[in-house]
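Every chain is named by a letter (A, B, C and D) in the order it is written, and numbering of its residues begins at 1.
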Amino acid sequence: MPDRRYVITFGCPDRTGIIARVASFVADAGGWIVEAAYHADPDTGWFFTRQEIKADSLPFGLAELRARFAEVAASLSAESNWLVQDSGIRPRAVILVSREGHCLYDLLGRVASGELDVDVRAVIGNHDTLADITRAHGIPFHHVPFPPESKAEAFAEVREIVAAHDPDAVVLARFMQILPPEVCDEWAGRAINIHHSFLPSFAGARPYHQAYQRGVKLIGATCHYVTADLDAGPIIEQDVIRVDHGDSVADLVRKGRDIEKVTLARGLRWHLERRVLVHGNRTVVF
Amino acid sequence: MPDRRYVITFGCPDRTGIIARVASFVADAGGWIVEAAYHADPDTGWFFTRQEIKADSLPFGLAELRARFAEVAASLSAESNWLVQDSGIRPRAVILVSREGHCLYDLLGRVASGELDVDVRAVIGNHDTLADITRAHGIPFHHVPFPPESKAEAFAEVREIVAAHDPDAVVLARFMQILPPEVCDEWAGRAINIHHSFLPSFAGARPYHQAYQRGVKLIGATCHYVTADLDAGPIIEQDVIRVDHGDSVADLVRKGRDIEKVTLARGLRWHLERRVLVHGNRTVVF
Amino acid sequence: MPDRRYVITFGCPDRTGIIARVASFVADAGGWIVEAAYHADPDTGWFFTRQEIKADSLPFGLAELRARFAEVAASLSAESNWLVQDSGIRPRAVILVSREGHCLYDLLGRVASGELDVDVRAVIGNHDTLADITRAHGIPFHHVPFPPESKAEAFAEVREIVAAHDPDAVVLARFMQILPPEVCDEWAGRAINIHHSFLPSFAGARPYHQAYQRGVKLIGATCHYVTADLDAGPIIEQDVIRVDHGDSVADLVRKGRDIEKVTLARGLRWHLERRVLVHGNRTVVF
Amino acid sequence: MPDRRYVITFGCPDRTGIIARVASFVADAGGWIVEAAYHADPDTGWFFTRQEIKADSLPFGLAELRARFAEVAASLSAESNWLVQDSGIRPRAVILVSREGHCLYDLLGRVASGELDVDVRAVIGNHDTLADITRAHGIPFHHVPFPPESKAEAFAEVREIVAAHDPDAVVLARFMQILPPEVCDEWAGRAINIHHSFLPSFAGARPYHQAYQRGVKLIGATCHYVTADLDAGPIIEQDVIRVDHGDSVADLVRKGRDIEKVTLARGLRWHLERRVLVHGNRTVVF
């Protein structure tokens, strides 16, 4: 477990002196920068950074750091694009599932073994298949059925459960239900999906069947932020695995699972560590 | 779930007509070959094959198939190197663990979700850290401590538990204890280890520390059969993941886990499906 | 250089006894099978195989082998789907290029170093940028400009040059001109393209720009047979490479080249070794 | 071609305020930082950075920048560990080869197509196999035979040729001769080797034969700085490719070539762009 850190992230129009401004601000306060990353996008003229500062190297706390940094951000025209987070505050997540358990098993195993440091407040399933394993991990499971004729009511119930926990991440771990636009809005920047294809190939339903039909030689998985545009949100992480003519659709499904769960876990970790900055429909991953 | 199949595997000295002999034997009995693979090793002049036959395409059962095939094997000088297995008989496994849970969590998740079709008869741990999750899956957990002064007794107890289940696979899922030669002998061809390096690099203790010191740009994992020669048994499967200068030893440990668990699961699956034939210190994986 | 071999390939409706029929045919003639691969497609009920036989193990030559095998093929309803090739006859290729040289440099280097055993009869370019390097390798270069108003005439000239060499492969090594349907027909099963994306993502023009806009985390290349349907022909091979937010379009272009040239070289090798069987819009690669 | 840039690199003991010091120095001079990377090594307490500054954003030239930066470096105790380079000065390389041409073909192709911006001053071969292709690219080829009884004289001749060009990189593109210690010293930090294995596995002679014997499932290549300790210098880049039981040693050699040439080209590019900082026996690659 690393020691407690403050994480500063922001984006602003690029110009001379930004790094100097931020670094001097931290140095003047005695802050020890443990990790620093910068990215300047020449196409859009936009600048991004992420800084990790040892909390105990500063003579003041989070609130004061935020108050002081607000002035820096304002001077860089980053008013609405900055965050200062405290790694000592454990992030919260709610996980949404359906019947396929491989991503949930994987996430719960990572949390139980201390590898992924997140407080899973609840798992919500439109089937109850995964209730037992969830509860074996000491986590509440909510069964919210999604009958075709009353999906709106079901989504209302899910929103309410999620809202009660104010999570940093809503993880769609093979949830298989399309979020309505107002839910996408409500969870914007926090809803993370794992799609079982190498997007933009094979968006929508049954991607492994599509991949089989097309005869591709690699299959993939994509971890992305959910937006109202189906399977088209900013991509956080992707990975692929090799397949061949001997693989049936069932083989693709099985092999794909290993890529899905690892890709989702990486994307979620980066999101929780505030490593992912969204820029239009692209991401900067520090 | 695929339909029931008989799996024929053997190795014999290479010569003209082996494929014809085997294929004609199957065809004459009306057998439908679903999958067939061959390998001729030009260096050693040895031939290997694996055939999957639809069980219901044959007019007789497993015992009769074995009796008839024994003649074919004898005619090919494969007397002691052939097996005929029935996919309808569920294979059994015993898993050995220590404190690190990622491989065990992963295997249990695969079994629970029906992805890996194996009867996990018992989990044995030299610590009891993983007892609860094992029992949550309805599997007996045996805690066998390994105090330095009485390891021989501990191994005797483990051997007894294993022997009681006559498993097709003894899985060392980060067990961290070196098997004495007589245990290696007893479990020969059935004991599968996951080593947390890309062997032969970094055999022995603390491979991630070794990898960090050497400054490698990829780390790996190796699934292999256990032999009396430490970390030197026949390799079943290997995989790697990219790392860079920013990764601490702790990062290597974390990233490596994802490779370890996937590599072990693949190797175990292939072993259970009788896809792995050992040839000296190398494997043929069909 | 391996010794001379006959390569038998065919596809036919699946049924009991095909392997026995083919293997017995070879064994009865005294043939030594060096490499044998089979694939049964359960969806379409179709069977495929490729066999490599040592030429000097047979008491007769290519013509006689073909004559005899025709009967086997007929008995298996494979009349129009079989080939018997002689590895001793060096395959011929014509390469089509534009201005981008990385794939051509790579192919010429492989041929010059003896790695890729093919007789490159001619290189045709719609620009003359790559004339010198081609001629330095002792290969004729034909400059056929493609002015927008007379592409039909240009294609007629290209077809004529190609036809004069009757090549086993027409390699579109970043040719950048869309083949008209009648040319696709004429070169069917022989025209191999390298597309600079992981198809079906980013078909058509400027795939790296498309990939950049979408913010993907891996870019790829696809080697496929050319059909009248742009970038939609049967895929032979694909590969990918990791990119990140720091990569500009120019970086994607540069990194992509390494994948393009390796993927094209692999696909071309497999095609020339008769390892690729087309099945609808998919390929079996033995 | 990117515009002209100054590249500052250095390493120094880590402490508070380094980034602020460097960034303020650049900002105070009006410098526009295009790319900035930092790394703090917690184990050794050492700090590294690389900065790219637009040359035309500074009101002075390279000499003045160096003079001014010397003071910054001194204040950070980085006296002997800093460099300020001008991307407008084309780096020089000398390439050493033996008979195997794949790495040389690849490098020459990259240079000819403008992908790799380096002035290849000479190619030296202990055989003359690759003389023609080198000269076809307009580059002088020196044939320096290495008879067993007079290797010292041969190395003396090679050193002289190399010294005449004062290259930024001496590329051992499968040179196959072990450099004597005094040559390692003379070329320290500039001699780049490609070893045809995933080091530290299979150091020394015939790594593909070693890999075949061990039965590994992936083979690799390692680009590293040459030191007097054979195949043990700081690693710049590594990559691997999958192999299986069907691959002979000749197949490993062929498949390995694609990894060797790509890995060498990446490592060389990074070296020439001053992205590689050596830290003990490890590298920081920005």
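Here, contacts are C-beta pairs under 8 Å (C-beta built on N, C-alpha and C of every residue); 3 or more make two chains touch, one makes a residue touch a chain.
Protein identities per chain, from UniProt: A, B, C, D = Formyltetrahydrofolate deformylase.
Everything quoted here is computed from the prediction, not taken from an experiment.
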item: Mutual neighbours - chains that touch chain A and chain D alike; value: B, C
item: Of A-C and A-B, pair with higher C-beta contact tally; value: A-C
item: Rounded Å distance, chain A centre to chain B centre (Cα mean); value: 35
item: Mean-CA-position distance for chain C and chain A (Å); value: 41
item: Residues within chain A bordering two or more other chains; value: 35, 246
item: List of chain B residues in touch with chain D within their complex; value: 39, 41-43, 198-202, 213-218, 220, 234-240, 244-246, 248, 279, 281-285
item: Chain D residues touching chain A - in the complex, by the definition given at the top; value: 16-17, 19-21, 23-24, 26-28, 30-38, 40, 57, 242
item: Contact footprint of chain A on chain B as seen in their complex; value: 35, 100-102, 105-106, 108-110, 112-113, 115, 133, 136-137, 246, 254, 257-258, 262, 265
